[in-house]
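A, B, C and D label the chains in the order they appear, each numbered from 1.
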């Protein structure tokens, strides 16, 4: 098929996640960047568009101009969806405007900065019927899809216990919270409920729900700023329940010295435990109750993989894929969905999954502020 | 030196931990089993003693007879300490009688079945001044001693976060709780506060305190019988605080299908994270905040190991030691202590460490019964 | 800069390596596919070009037509280099014609099918002064570049011993040698000196020379068709010498059941051993003579990596990159070189490196046919 | 049963392997040291015997005195076998005298210092019918026994290729060859055909034959002294054939900086590859041609292990055993054999296995000296 045309908001010069999105789209192969509003600084936006080879009239000075400008283009030319890679507090306003203009929205995570903004976002989506995807990247790895398929298949029995942790060390010292990346993440005005639980705890949450195929319903949490002088949480943990009765623990911390991007999960079912680590993503360990542990590895040619896993692998076994390919799976599936050809179990997170991640953050904060009281996620309201 | 003579109570035919203790003593090389009351069944006790090559008059029909009988022997011949490897509810009465008879006591863990029994045990020890050791085996591995030395040395800075888990799968099904091993562990009358938290959670607790060199002071826990029909906990988790302010999570479960003896700990300090797994015990990963992760491996000839680690390694690097050697370190050090030559930082757990493990169990149960309320360990009383 | 325009020969519908090259170019970001002759079947070539979105006049029915057609285009429009992804026996004729037409050549490996063809290729390159690169992909991984930098830096001392193996299992059974991939590889007419040593042994050879920074000078080999009925080698091993005196072993086999793409190398120097495995490519183990083993991991933000390694990493530590990104490093560097901006130590293999790999195949066959006689690589002539 | 009484020659103060043998015997539990001639220095021998708690009349000043003295003891008291842990050149004379005196012999490896000595040893054994065992320790690990059982079972098909390496770094520098351990190993007068191939290459050889269940029949080797000034090989490699047609490579080196005791083997059969590493000995990887790789782990309670493996495991899964327990398996089985109750597939190497290891050393040296000529092991004669 012809590549799906998309526009990007945010992600200009010096950004981390913008280039990642664009490389992901390039790997996906079925998307093409045609327009952008890459910075809130008009000159920087212009320079970024030029560097990316966009036509001058498709490089906009603001997201409002982008939405308006693209709407005026011919149907055969205009952007077919918008990718939002701005700081969190801008996700909702941009998304709502885009949905109202008829543009599907693929937004970075977390969905928004506040529960209120998330509910407004959801209302706009409901009203317009527009397509929304959220880039909870880690759930798009092939072996995560495979784990999800294994649990859904039922042969492993009910889930009993989950242990997930997402530990990073890049904010281990007070002086680490500098630079474009770090600053807005530790600034409540721009990151809202973010902090460690918002930034990476939501990924851990989404990973649990993706593999488990069930909702997290309750939690008891303790969050804190471990490094003196911070206003947002940089370290925390929670105990939780899944809808089916399983119990779990979740750790999210950015002050774990020595760890890079340590997202790892264990899900123990009645007949086997599943173990996956993001830093070695092509391996899924299946530890059976009776019989030897098995090492399932990614590979387009692995006959034992479920279609949900193997359909998003580009290379034969032994040719490792990584983070950029996982991200590409999201773009690939979202582009298919935009054209009305969404796969049965797409790799992007749905709006409701993104919304639940917001309720997870809110519940964690509420529990932490109330001495660890158990909170139902459903009880978090704007 | 001449081997230290010891007597054993429990551990006869069919027992698991009795032979482990005896092999550990054989590896230690400085202990010799000279007497025993191996079973509450007199005939089984007799057969066990014979099989072990003990003289008939040193194989007793009861622990009372053993304590009395050994007291009547010549000083040059009688047992110099007693090893208790019975079910938990017998630890205290035997230990108290032994201490009153002037016999040092090395007891299996947990210290006792109830807090009240533990306090009586401690009172007897205080009154008699007798030596007591508890076999929290996992803290006796060389690389655990090394981790403890690294934290104590101060170069890694303060501890920020701890994650410990002890996951086993042997009770994953209802029908698994059969056999000598499983039965008394799931019978409240004989195992008291045992269950998963008592049986293996205490090991995890002791491992945390051993490496951290600080006390656990508070916890919030949720325990449960995951498998229907059980009366004791087989699965649970806790969040906790250390005295120095670090936060931690602890999981102890015996229903984690596919796991064998999965005790693993991560301790993140300001400058590095330490990571150790019992099933690969000769490796300590030291993940530095700046610089590559280091793989510290056991070896009597490793110049970079602290004396606390290297003094309890029997072989050069690359010759793996295991569980039995860790257990042997406890016997070796306890025997040295009995002769008045205890090393500075012995491998056996002290009575107060064993007592704190009891308070840990009690606090976990109390918290769990009160919807996860945070409990101070010091507040647990008989 | 504007992307470098390139044309591709081969790699049409159903091919494995063609799409890999195109995805690599997309990740590189500084190349753009503008023309192609994707198949020797004209209709298939046309369909492939269309599917890739090429203009009809840039999708040629033969490689001859492509070279001729591109030469007639405006300088601002025509392809700036040609990528050859055909079966081995076509590499030389296409490359020679391209060089004579002034087109730089990036060819898949091995360089050619015969030593005579390789020498003709080299003569054309010498005569025209044209730029040539060979895609020995595995040498383009960041941690391989890092290993090369470590050896070159001198702090590890001289190399003593090398062990490299490349073991695959996809031809383990007689019935496995079917399908487009397998057929030409086991057909002497099309793969020439290929077989296992030509197909993957050359990668192992190139990896050794890349990291060592010295030439392999002698070898003694034994090759064979392990599976009855094959005419080409599917399994073999060699002992070898490097120019500096180090000794090594090399295994290349496609009948190692259970292995996927098992390329792994150990290089022991006087002060440390370096260990790398392609299936876990972001890790380089540095095992020091004195002091703990170190785990060096890829990451654009790793301060301890050499520029040769870190300049070809796209993401921060903990975000794994894989095979496609390694391949992208080759395209990225070759495109820079085409524009006259080659990096100091580019990721593509040079023509002379590709030529030495041919001499390696020839020497291995000659030695094997002469009962393992030691052969100097320099003695292999057409 | 009553423990089997044994005497030891060598292994006095300061020795490495003597204490290892004694600890192994203690773990085995069915042997008891009753006599010794621990040193060629009479005073040191006396002190060693005393330290070990032997009666003064069982601590002999020479091995001749020991053999003579024990022969004069009552049958119920005298040593039932002799363990030889001296330097290599003394193995044969002591063993021959012991066999002639009716004492079974358990000797350290390699069997002897020369082929002539080995043949004399074998002749004495044939003549007397005495029992002989050789301590090729690494073949006594439970998961090596399991691998052997898997190959013998036939389900994996014929062996295709073997890769074994035994790499150590302790002689990496010229100044490393000092101390009791290193000196005699690099002194031709005392170690004969030893050097790296004799000292550790023989272990690698024996490991291959043990798992394969077939003989190595031919080899081509290159040995050398990598460190200037040495007279014996410290580094080498070989290519070899097994009787059934499989090909293999073997590396044995003591100058591989950074390696401790790196014995590792891969055996690829038609249906699966088996992979085992001595430094992580409780794991056997079974990589299947079709289907996920399996991680087989040791454990007395693992139902999927063959009796040959599980019968020599002392603890349940997840309780790691190590080098000393592997050594204990040899003592345990040899003691059983002495009492006429040898297991079907004992863990000690037979005399003929030890003899073949000698032929392996001789063939490797002969091939190396003849520029890598292929040599049949059967052709090595005194």
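To be clear about the criterion, a residue touches a chain if its C-beta (ideal position, glycine included) is under 8 Å from a C-beta of that chain, and two chains touch if they have at least 3 such contacts.
Here the structure is a predicted model, which means the values were calculated and not measured.
Interface of chain B with chain C: the two copies contact each other largely through the same residue positions, with over half of all numbers used appearing on both sides.
The most distant chain from chain C, with centres taken as the mean of CA atoms, is B. Centroids built from CA atoms put chain B at 43 Å from chain A. Chain A and chain D have centres, each the mean of its CA atoms, that are 55 Å apart.
In this assembly, the C-alpha centroid of chain B lies 35 Å from the C-alpha centroid of chain D. Looking at chain A, residues 259, 286, 293, 297 sit in touch with two or more other chains. By the touch criterion given at the top, residues 160-161, 163, 165, 167, 169, 172-173, 220, 222, 224, 226, 235-237, 239, 247-249, 251, 253, 255-259, 266, 268-273, 286-289, 293, 371-374 of chain C touch chain D in their complex.
Looking at the complex, you find that chain D touches chain B at residues 2-3, 16, 19-20, 23, 26-27, 29, 53, 168, 170, 259-262, 278-282, 297, 299, 314-325. For chain A in complex with chain D, the residues that touch the partner chain are 286, 290-297, 303-304.
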